[in-house]
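Paired with chain B in one complex and with chain C in the other, chain A is shared by the two complexes that follow.
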Partner chain A sequence: MLRQAGASKLRERIIALVIAGAIGVFCHRILTERSDVVLVCLLLFGACVLWLCGSEKFAPGIRRGYERNSVFVHLWSSIMVVAVALSLRADPFALHLLSTALIFAAVSAALNLQFGFCGVLNFSAAGFFGLGAYTAALLSPLGLDGTIVLLAAGVVAGMTGFLLALPIVRTRGHYAAVITIAFGIMFRNLLEVTDAVGGPQGLKVDGLSFFGYRLNENLGIYSCSFFFNYVLVSLALLAAFVFVMRRIDGSFVGIGFDSIRLDETTAACFGLDIWRWKLSAFTMGNAMLAIVGALYGSMLGYVAPSNFSFSDSLIFVSIIILGGIGSVWGGVIAAVIVVLLSEKLQPIQEYRFLIFSTLVVLVLLFRPQGLMRRPLREFSQET
Partner chain B sequence: MPIDLLGQYLLNTVMLGLIYALVAVGFTLFFGVMNIIQFSHGDIVMMGAFMCLYLVGAVASADIMPAPAQLIVSFVFAAALLGFVGIAIGRFLVLPMKDAPPLNVLLITLMLGTIIRECVRLFVPGGSNPIRFPPLLSTESYSLGKFTLRLDSALMLIIGAAVLIGTRTLIKRTKLGLAIQAVGQDEETARILGIDDRGVVLATFAIGAGLAAVAGVFSGLYYNQINFDMGLLLGVIGFSSAIVGGLGALGGAVLGGLLFASLQTFGTLALPIGGEYKDIFAFTVVIAIMTWRPTGLLGEKYKERV
Partner chain C sequence: MLQAVQGVELVRQRGMIEPSADITIRTCHLSKSFGGIQALDDLSLEIPKGAVYGLIGPNGSGKTTLFNVLTGIYAPSNGRIEFDGRDLTSLGPPAIYRSGIARTFQRSRLNLALSVFDNVVLGHVAARSAGLIQGVLKIGVGKRDIPDAVNKVRSLLAVFDDGLPERLWERVDLLPMIDRRRIEICRALVGDPKVLLLDEPSAGMTHDETDRLMDDILSYKRHHPELTVVVIEHEMAVIEKITSICAVLNFGKLLAEGSYREVAAHPLVQEAYLGAT
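Then we have the complex of A and B:
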C-alpha cells in the first residue's frame, strides 16, 4: 500500500517536472519570438491549454496533484524561472518583461489577499504600488540598503492604507469602492500638482543595492544584463508572497477572512472582530503592493504619475478576475499573460485597456470563476 | 469680499452643483431600484456630451429648421439615444447578473465604463485630446459690477432645476414612479401585484441615462470643452455626492452635489496652497463625512436584521 502511494507520488513528480519544463520552454519561446503572427498563435495555444486545465474535468486532478507535491512544485517552478532567465541573459528586453511579469504576479497576490480572501475592495492598487515606487525614489539619494528601502515603502503604504481604511471599515460594500477610487484618482492628481515630487515629470530612482551588491550592475556572470538581478529579486518577493498567502489560507486567519467575505453579519455573530480583520487584510495587502512597487520603480529607473493611473488599477483588478478571484496561482498566471500580451504585442499596446476590460466583462458574464476556480475548503479527513 | 464677487462665486457653485446633482440622481435611482451601483454612469455622461455635440453638427448641416429648434431636437434626440444605451446596459449586463454576487455588477459596470472611455479615446476622431464644445445657447450676458450672468447659465439653471423637479414628480407622483419604488422595496411582492419588474428596472435605467445626457451637455457648456475621461471624475464626484447626501434619497443627491461644489469653491478660495488642490480637499472632506455618517446626511439609518 505504502509502496503504491510512493510510486504514484514519484509518477506525479515526474509529470510535474515535465510540465514545468514544457512551460519553461514555452515561456522562453514567447519571450524571444519576434514575429507577431507566431506570437498570437502561441498565445492562443497557451490560452486553450489553460482553459482546458481550468475546466471542471481536469482542474480537480491537477489541484490534488499540486497539493500533494506543493513544495516540489514551488521549488521547480522557481528553478524554471531562473533557468529561463539565465538562457535569456543577453536579452535585456526579455528579462525586463519577465521581471515585470513576476512583479505583476506579486501584485496580484497582494490584491488577492484583500479582494479574494477578505473581500475588501481596493480600486487604488496602482496608487499604493506607486506610493512604494515614490518612496523608493525619495529615499534613493540617501543610499540606503535595499531591504530598508523596501521595508520603508511597505510601512509608508501600510500607514496610508490604515488611514484610508478607517472610512472603509465603517462603511460597507460599494462605499469602499468609491473611497478607494477617489483615493486612486486623487493620488495621481496630488503627484501631478506637487512640485516636491517632480510634478508630471516624476523623479529619477537609483537602482537598489542589497548588502553591497548593486542591482544595476552585472554580478559577474558573463554577458549578463543587469535585469537578471531584478528577475531574481522579484522572483524572491513573489515566492515570499505566495508562501505567506498559502500560510494564511491554510490557517485560522484564512478561515476568518473567508467567513467575513461570505457573510459579515454571521462572522460578527461568531465573535470575529470585523474591523480588525478587514484592517489587517487591507494594511497587509497595501504594504505588499508598495514593496513590489518600490522594486518596480527602481527597475524602471524613474517614476511618473502617469504610470500609476486609475486605469492601471483596473488592469490589476482585471488580472485577479481573469485568474479567478481568490486563486493565488490563477492570479500569477493571469499576470504573466496580461504582461506578455500588452508588452510583447506592440500593435495592441494602444488598445490594451479596451481589450482587457472587454475580456473581463466576458469572463464575468460567461465564466465568473475565472481561469482557475478557488477551491472550496475541504474539511473531511482523507481516508 | 465684495458682494458682487461673492455672488459670482455663488452662481458658479450652484451651476457646478447642479451638474453634480444630475449625475448623483442617476446613481441614486439605480441604487434605489435594484440596490446596485452602476459605475459606468460617469462615462454615460461623457457619451451624452459627445453624442449631443455630433448630433448638433449633423442637424445643423441638414439645415431644415430654425436654430433653436435644431438645438432642442438634437438635445432630446441625444437624451433618447442615451436612454436606449441605458436600457441595453440594464438588459444585457445588469439583469443577467441579478443572482451573481453584487460585486460582479460593480466590476462589470466599472469595466464597461473603461470600454466606453477607451472607445471614445481610440475611435472618435481627435478623441484623445480635449474637444471644444461650442456655446450652443446664447452667450449674451448681463453685468452688475463683477457679477456677470450669462444667458446660457440662467437657461441651464432653469432647465436643470426643471429636470430635477420633473424627476422627483415622476418618482413620487406617477404610476411608473410608484412601480419603481415598489420594486425597490420588495421585488417579489411587486411582481405578485402585477408589476413588470424587469420593465421597471429598464425604465429606471433609461431615465438615469437620460439625466446623464443632460448632465453631460451642461458640463460641456459650462467648461466649453469635453474630454474622453471627463466621465471618470464626474462619475466619482456624482457617486460621492449621492453617498454623502444619502443613497436612495433624491433630495440627498441634490444636497450632496451642492455640498461637493461648495467644497471645491471653498478649496479654491480659502486654501493657502492654491486651487490645484481643490479636488483633493473636497474629496478628503467628503470621505471624512462618510466616515462620520456612513449612511449619508439624509439617508435612513440602517439597522441590519438577521
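Then we have the complex of A and C:
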C-alpha cells in the first residue's frame, strides 16, 4: 500500500517535471522567436493548452497532483525560471521581459490578497506600485542596502494605504472602488506637479544593491546581462508572495477573508471585525505592491508619472480577472501572458490593447471564473 | 397596553418564572423604531439561563427585529440589553458574538460558494482570533489550528447527521435545504455560545425534517444543559414540543409570557394570534 503511494507520487513528480520543462521550453521559444507567423502559432497553441488545463475535466486532477507535491513543484518551477534566464543570459531584452513578467505576477498576488481574498477592490494598484518605485528613487542617493529600500517602500505604501483605507472601510462596494480610483489619479497628478520628485520627467533610480552586491553590474561570468540579477530577485519576491498567499489561504485568516468577501453581515455576526480585517488586507497588499514597485523602478533605472497611470491599474486588475479572481497561480500565468502579449505584439502597436481586451472579454464570456478557477479548500490530508 | 402587562404579571404570578432563576438575557424597556414604525415597543423580557425560550407572534410583531437588536445589527432606539449582568446595548455584532450570543437567520445566509467546513468553521475563527498570525505561519499553537477545527466541526456535524462529516469539502450549494439548515445551526454552535438564537428553524422544511432537527437540537441541549436557546417559530407544534417558556409579541409589545399551554389559553393571545374571536 505504502509502496503504491510512493510509486504514484514518483509518477506525479515525473509528470510535474515534464510539464514544467515543457512550459520552460515554450516560454523560452516565445521570448526568442523572431518570426511573427511562428509566434502567432505558438501563442494559439499555448492558449489551447491553457484552456484545456483549466477545464472542469483536467483541472481537478492537476490540482490534486499539485497539492500533493507542492514543495517539489515550487522548487522545480523556480529552477525552471532560472534555467530559462540562464539560457537567455546574453539577451538583455528577453531577461527584462522575464523579470517584468515575474514582477507583474507578484503584483497579481498582492491584488489577489486584497480583492480575490478579502473583496477590497483596489483601482490604484499602479499608484501604490509607483509609490514604491518613487520611494526607491528618493532613497537611492543615500546608498542604503536593498533590503532596507524594499522594506521602506513597503512601510511608506502601507502607511499611505492605511490612511486611504480609513474612508474606504466606512464605505461599501462601488464607493470604496471610486475612492481608490480617485487616489490613483491624484497620485499621478501630484507627481506631475511636484518638482521635488522631478515633475513629469520623473527621477533617476540607482540600481539596488543587496549586502554589497550591486544588481546593476554585469556578472563577470558567461557574458551575463545584469538583468539576470533582477530575474533572480523578482523570482525570490514572487516565491515569497506565493508562499505567504498559500499560507493565508490555508489558514483561518483565509477563511475569514472569504467570509467577509461573500457576506459582511454574516461575518460580523460571527465575531469578525470587518474594518480591521479589510484594513489588514488592504495595508498588506499595498505594502507588497510597493515592494515589487521599488524593484521595478530600480530595474527601469528611472521613474516617471506616466508609468503609473490609471490605465496601468486597470491592466493589473484585468490580470487577476483573466487568471481567475483569488487564484494565485492563475494570476501568475495571466501576468506572463499579459507581459509577453503586449511586448511581443509590438509590431502591431495600437492594436495590441485591442487584442488584449478581446482576450479578457472572451475569457469572461466563456470562462467567467478565469483561466484557472480558484479551488475550494480541502484539509482532508492534514488530519 | 395596561391589560397586556397585567396578563404578563398574571402568568408570572403563577410561578412559571421563579424569581430566583438565573437570568441570562434581560431587556429593559427596549424600543426600536424604523421611521414611523415601532418594531419594538418598550419590551422588557427576562430569559432564564438554560431554558428553551420560544418567541411567537404574528408576522411583523418584532421577533426578528428583537434578534437583530440583540445581536447588534440594529442599535436600539431606547432601552438596555443585559447579558449575564453585562451591558450589551452599545456593542456591535462581533463583540456580541464573542461575548457568547450566536444566531441563525430566517433566510439561510450560508456562503454558498464555500465548502461545508469553511462555512461552519467561521463560527470558530473569531474564538481563536488571538492566534491567527501563528495559524498563518504554522508555528506554536497555530500548527494545530486546522486539524483541531476539522475534528471539532466533524463531531458537531455528526450530532445532526451522520452523512454530513463525509461531505465536509463539498460546496454548500450542492446540499439539500435540510442539510443547509443543519450547517447553519452548527456554525452558530461551533464557537460554544452561551445563548443560541434560532430564527424560524423549520422554515422551508417538511414536517418530518423539522421533527428530526428539533430532536437533534434537544439532544445537543441535553449534553449542554447550560446552553440557552431562544427560538422564533410559527409552527406551534415545535413551540409546544421544545420550549419550556414562551413569550408572545404583538406590535413590538409583550403580550403574554408563560408555558405554551398557558400562553395559548390566554384570551389576548387568542385574539391577537391564534385567531379566536
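The rule is short, and it goes like this: the second predicted complex is superposed on the first by the 365 of 383 C-alpha atoms of A that agree within 3 Å, B and C clash if a C-alpha of one lies under 4 Å from a C-alpha of the other, contacts with A are read in each partner's own complex, and residues count from 1 in each chain.
The criterion applied here is as follows: a contact is a pair of C-beta atoms (placed from the backbone, for glycine too) under 8 Å apart; a residue touches a chain by one contact, two chains touch by 3 or more.
As the structure is a prediction and not an experimental result, all values here were calculated from the model.
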Clash-or-fit label for the pair chain B, chain C on chain A
fit
By the touch definition at the top of the document, which applies to A:321: first (chain B), second (chain C), both, or neither?
first
Quick one: is A:353 in contact with chain B, with chain C, with both, or with neither? Answer first, second, both or neither.
first
With the two complexes overlaid on chain A, check the angle at chain A between chain B and chain C, Cα centres, nearest 10°.
70
As a test of reading the superposition: which chain, chain B or chain C, is in touch with more residues of chain A?
B
Pick one for A:250: touches chain B only (first), chain C only (second), both, or neither.
second
Considering only touches as defined above, state whether A:147 meets chain B (first), chain C (second), both or neither.
neither
Return first, second, both or neither, reflecting whether A:265 touches chain B, chain C, both chains, or no partner chain.
both
Please provide the least distance in Å between a C-alpha atom of chain B and a C-alpha atom of chain C in the combined superposition.
7
Share the list of chain A residues that count as touching for chain B in one structure and for chain C in the other.
265-266, 269
Which of the residues in chain B end up touching chain A in this complex?
37, 39, 93, 96-97, 100, 102-104, 106-108, 110-112, 114-115, 118-119, 122, 232-233, 236, 239-240, 243, 276-277, 279-280, 283, 286-288, 290-291, 294, 304, 306
Chain A-touching residues of chain C, taken from the complex the two chains share:
71, 73, 92-94, 97-98, 102-103, 105, 109, 111, 113-115, 117-118, 121-129, 132, 135-138, 142, 145-147, 149-151, 168-169, 171, 187, 191
Using the touch definition up top, name the residues of chain A that touch chain C in the complex.
244, 247-248, 250-253, 255-256, 258-259, 262-263, 265-274, 376-380, 382-383
Within their complex, state which residues of chain A touch chain B.
119, 121, 123, 166-167, 170-175, 177-179, 181-182, 185-186, 189-190, 193, 265-266, 269, 310-311, 314, 317-318, 321, 350-351, 353-354, 357-358, 360-361, 364-365, 368
